[in-house]
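Order of writing sets the chain letters: A, B, C and D. Residues in each chain are counted from 1.
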Amino acid sequence: MSKKFVEDFKVAENIALNSSNFLIKLVSPKKLPDIKPGQFVNIEVKNSDEIFLRRPFSIFEIDYQKNTLSLIIKILGRGSKKLTELKAGDTVNLVYPLGKSFTIPQSDDRILLIGGGSGVAPMLFLAKESGLNRENVDILLGARSREDHVDASEYSKYGNLHFTTEDGSFGEKGFVIHHSVFQQINSYSKVYTCGPDAMMRAVAKTAKDEDIFCEVSLENLMACGFGVCLCCIEPTQKGNLCVCTEGPVFNIKELKW
Amino acid sequence: MVDLNVKIHDLELKNPVMTASGTSGFAEELTDFYDVGQLGAVLLKGTTLKNRDGNPYPRMAETASGMLNAVGLQNKGIDYFIENIYPRIKEYNTPLIVNVNGSTVEEYIEVTEKVNELDKIPAIELNISCPNVKEGGMSFGISCPSAEAVTREVRRVYDKTLIVKLSPNVTDITEIAKAVEGQGADSVSLVNTFLGMAIDSEKRIPLLSTVTGGLSGPAIKPIALRMVWQVYNAVKIPVIGMGGIMNAADAIEFLLAGATAVQVGTAIFKDPFIPVKIITGIEEYLTRHKMQSVNELIGCLQM
Amino acid sequence: MVDLNVKIHDLELKNPVMTASGTSGFAEELTDFYDVGQLGAVLLKGTTLKNRDGNPYPRMAETASGMLNAVGLQNKGIDYFIENIYPRIKEYNTPLIVNVNGSTVEEYIEVTEKVNELDKIPAIELNISCPNVKEGGMSFGISCPSAEAVTREVRRVYDKTLIVKLSPNVTDITEIAKAVEGQGADSVSLVNTFLGMAIDSEKRIPLLSTVTGGLSGPAIKPIALRMVWQVYNAVKIPVIGMGGIMNAADAIEFLLAGATAVQVGTAIFKDPFIPVKIITGIEEYLTRHKMQSVNELIGCLQM
Amino acid sequence: MSKKFVEDFKVAENIALNSSNFLIKLVSPKKLPDIKPGQFVNIEVKNSDEIFLRRPFSIFEIDYQKNTLSLIIKILGRGSKKLTELKAGDTVNLVYPLGKSFTIPQSDDRILLIGGGSGVAPMLFLAKESGLNRENVDILLGARSREDHVDASEYSKYGNLHFTTEDGSFGEKGFVIHHSVFQQINSYSKVYTCGPDAMMRAVAKTAKDEDIFCEVSLENLMACGFGVCLCCIEPTQKGNLCVCTEGPVFNIKELKW
């Protein structure tokens, strides 16, 4: 167990990355606690007569100097929609930091980070925090089409960026598992992935077959986010575990995938 | 300084605000946010004799001003609790109450006997109202004979404060309350969740793996409040009220309706500090209304 | 063009969306907004044998995603209806259904006999579930023998479609449903309101003159939906579902759970056009999902 | 029965009249129907997780050229508070026009209009629409203190303005029934009042004693506003009547006051 907080943040900026993804930067009046890639926040959706519970989002970026924390929010339903309407100056309430982080690579690791959809956020965060030289980091991002990709160019300083699109409009055509770097999965000591379930399962299957260390970050329906409701379970080798406290990051060996 | 102390039979509470079973883990999770010593009491996660995996995912659905859950009493069993969890939490400076569950009367008895041995557990809450398990659970709490039977047998083996948690899924909750009072319950707590259901109209499937689940949150407050008021007027033992309490005003409504203490459940998911804020809010209310003690509120609805 | 027709026994409806009793007056009030001929049917305000003043003010309280009411069947009696209101409304191009109430079986019979004479009233809804009256009302609807008795006696004197409206304030609604089916009910409608209560914490008084009242609105939807699903699986007669329906998705959920038609109640207070919007919404849904008829939705929840 | 509408209006302006009263001007995209003093709207309070039902407010001003409709909203609880936070350009949804109006005076009438609190709105509307010469119209407005009065000076063209305050800080000291014009109640052929219950009852009592025509506008808890729920009843000589359709304006002779 580790210290968690319920805190009001102010929206510093809210930028539309494309038609459905928004980058929301939040600033805390207090010093931020230590936060690691893979951890998430549970955010209150105010002023809605439809939404009762908070919504979980992975932490994308942290600036300990400015005490800012950023999220990438993809519009899925009513809550995410409402959050993307936040304006600079608005107040939002977070329960954070929640969940376990990815295993931080060791200095001799070569890693492959595979992100899709809103799963891009923790992958880029991990790239930045990996502590590795950029040549040992490959970042593979998949999306349906060019306009569904968020601009990740800034992250090229932390790793080599690779892209796929289903329609071939950007990067290689196909799904992430069809990309040339994925074909060389054996050249990595650690593979990390976050994104749509189907994508993660495909990645995990190959990693398992090839016996490569692989961590996935699960997205699950959550009520509390800090381990008291037992709603967010994933069946694992050790029984049903809470994704919010025992995850969201799991080594694929723990899962029943 | 106002006096917030209340008494549930032998159990003295520093204030009337407890956290509800299944919504506050084993108290440890709350210590990540604050000192649980501030709370009136903590109701621990529902516990059974043996390990239970609970129901498959998905286990929850959001509804208007509330939620459905279908957790199904996932827990590692009473022995695991005693060996692994109890030692970690027993020194918390608040009464810890075990929520006892079973599929048979014998199971309820066995769990209770084990809890009876634990020094730092001053009370149990007998859950005869869980709507999310196939055997036992709510089926005990919706008929007088079965509610009586399980209360009587558990009472025989338990020396400390025995609270029986009632199901709202009944025609007349006062009958069940009187039945368990008659068998020696020291207090009744109500309400557990209402049996409900949610559907994804686009996919045409139920939103819960179990089809039906338990409804909690502000949506149920008016019904819960009515039941607390009815039961308060029907029994002599103290009543513990819950169902949709989100703030101090809600808690005070339950006290006015006759609850000696309240439990806060689903609100914790929105903000784990709510129980603490409610304690402060009740204190402020008493000061503002020039009352000395929270006991001046209990059952003091003016008709 | 999709087919929205449904049948409740002999009653053919142009679509499955009715307005609920006590929330749509005598249909005339709705004609201030639109042509009620668009609606599947209109359930008229609850009617008794004699004039009833109803309960004292205050009669309503807002709650989380819902409201409590304690109207108490205010109406001018069946004779006044027949002489003064019926002639004004009988030519509306939608089935008008009288909601029949009584404090005794005899009263139910007398009202029914009078309604039986009215050409343009193709059905009655027997309300054995009103929680807001001292005698009769809900007390008929919460036990099988009394529900059976009133249904049997009314059936004897009534030739047209007999719908019995069930109370949700019971342990097992399927038993009541089966009981009234056994006595010749052509359909059951559910749910009526849940008995609830609200308190002004500052003034320490109940918010309703009658202390308790009936809870309606989205708050109750998960429980209502569960009951409709249970009853659909227990009886053979068509089920009419209601409780918190606010939009087409909600209505479709009830159809999927097994309702042949739905009633819209409290939503009308928010926007009288909601029933009409729901009809359009169902039409759009069917088109979008390439379905020919609304009957493809009824009871078609995938498990 | 008369035609009613459910319509989206845009907020044209929202002006704080004092710390608790706001003048909200709404503009309709459509032509306004005929609206009379005493009628009201039932307004939706959006983006609130606490408010389920609409809130009724008297219509204060109408401009048929500009299709604007104004309300004076006093902060009482959660809904009125939320409405006073509306900004120009926001959309609000109204059910309107609801209720019966005041009896429009005849040309030989001398009238006294007595308003208190938010009851000022329909009184000023009635002054404007009375069709009388200003010398035959007395407008008596009561409030706790100077700062609780709204600025009604514009209405001096429709009638003589008189004020009371409980603390004597503006106009005559006391309640409206203590004011010198009220002492001359016999000189009026019609008295109209809208405001706090206690004020209206006090006015009604004198009017009844003196047998003067008097109409009051009741404020009652409403669910629907158009006569279908039967929640808003007032016990009258004819039994329980709906305030929303048989009122809100009642002749005091109809009431059991």
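In the analysis below, a contact is a pair of C-beta atoms (placed from the backbone, for glycine too) under 8 Å apart; a residue touches a chain by one contact, two chains touch by 3 or more.
A quick note: this is a predicted structure, and the numbers were derived from the prediction, not measured.
In terms of the distance between Cα centroids, subunit B is separated most widely from D.
Chain geometry summary: the mean Cα position of subunit A and that of subunit B are 36 Å apart. The mean-CA centres of subunit A and subunit D are about 55 angstrom from one another, to the nearest whole unit.
Each chain gets one centre point, the mean of its Cα atoms, and the points for subunit A and subunit C are 48 Å apart. Shared interface positions of subunit C, defined as residues touching 2 or more other chains, are 63-66, 217.
Those residues of subunit A in touch with two or more other chains are numbered 49, 51-52. Chain contacts in this assembly form a single closed ring in which each chain touches exactly two others. Here the touching chains pair up as A-B, A-D, B-C, C-D.
Looking at the complex, you find that subunit C touches subunit B at residues 63-66, 68, 142-143, 169-171, 194-199, 201-206, 211-212, 215, 217-223, 225-226, 229, 244, 249-250, 252-253, 256-257, 285, 297, 300-303.
Of all the residues in subunit D, the ones that touch subunit C in their complex are 1-6, 44, 50-54, 93, 95, 220-221, 223-235, 239-240, 245. Residues 22-25, 28-33, 45, 51, 53-54, 56-67, 69, 71, 74, 217, 266, 268-273 of subunit C are the ones touching subunit D in the complex.
By the touch criterion stated above, subunit D contacts subunit A in their complex at residues 46-49, 51-52.
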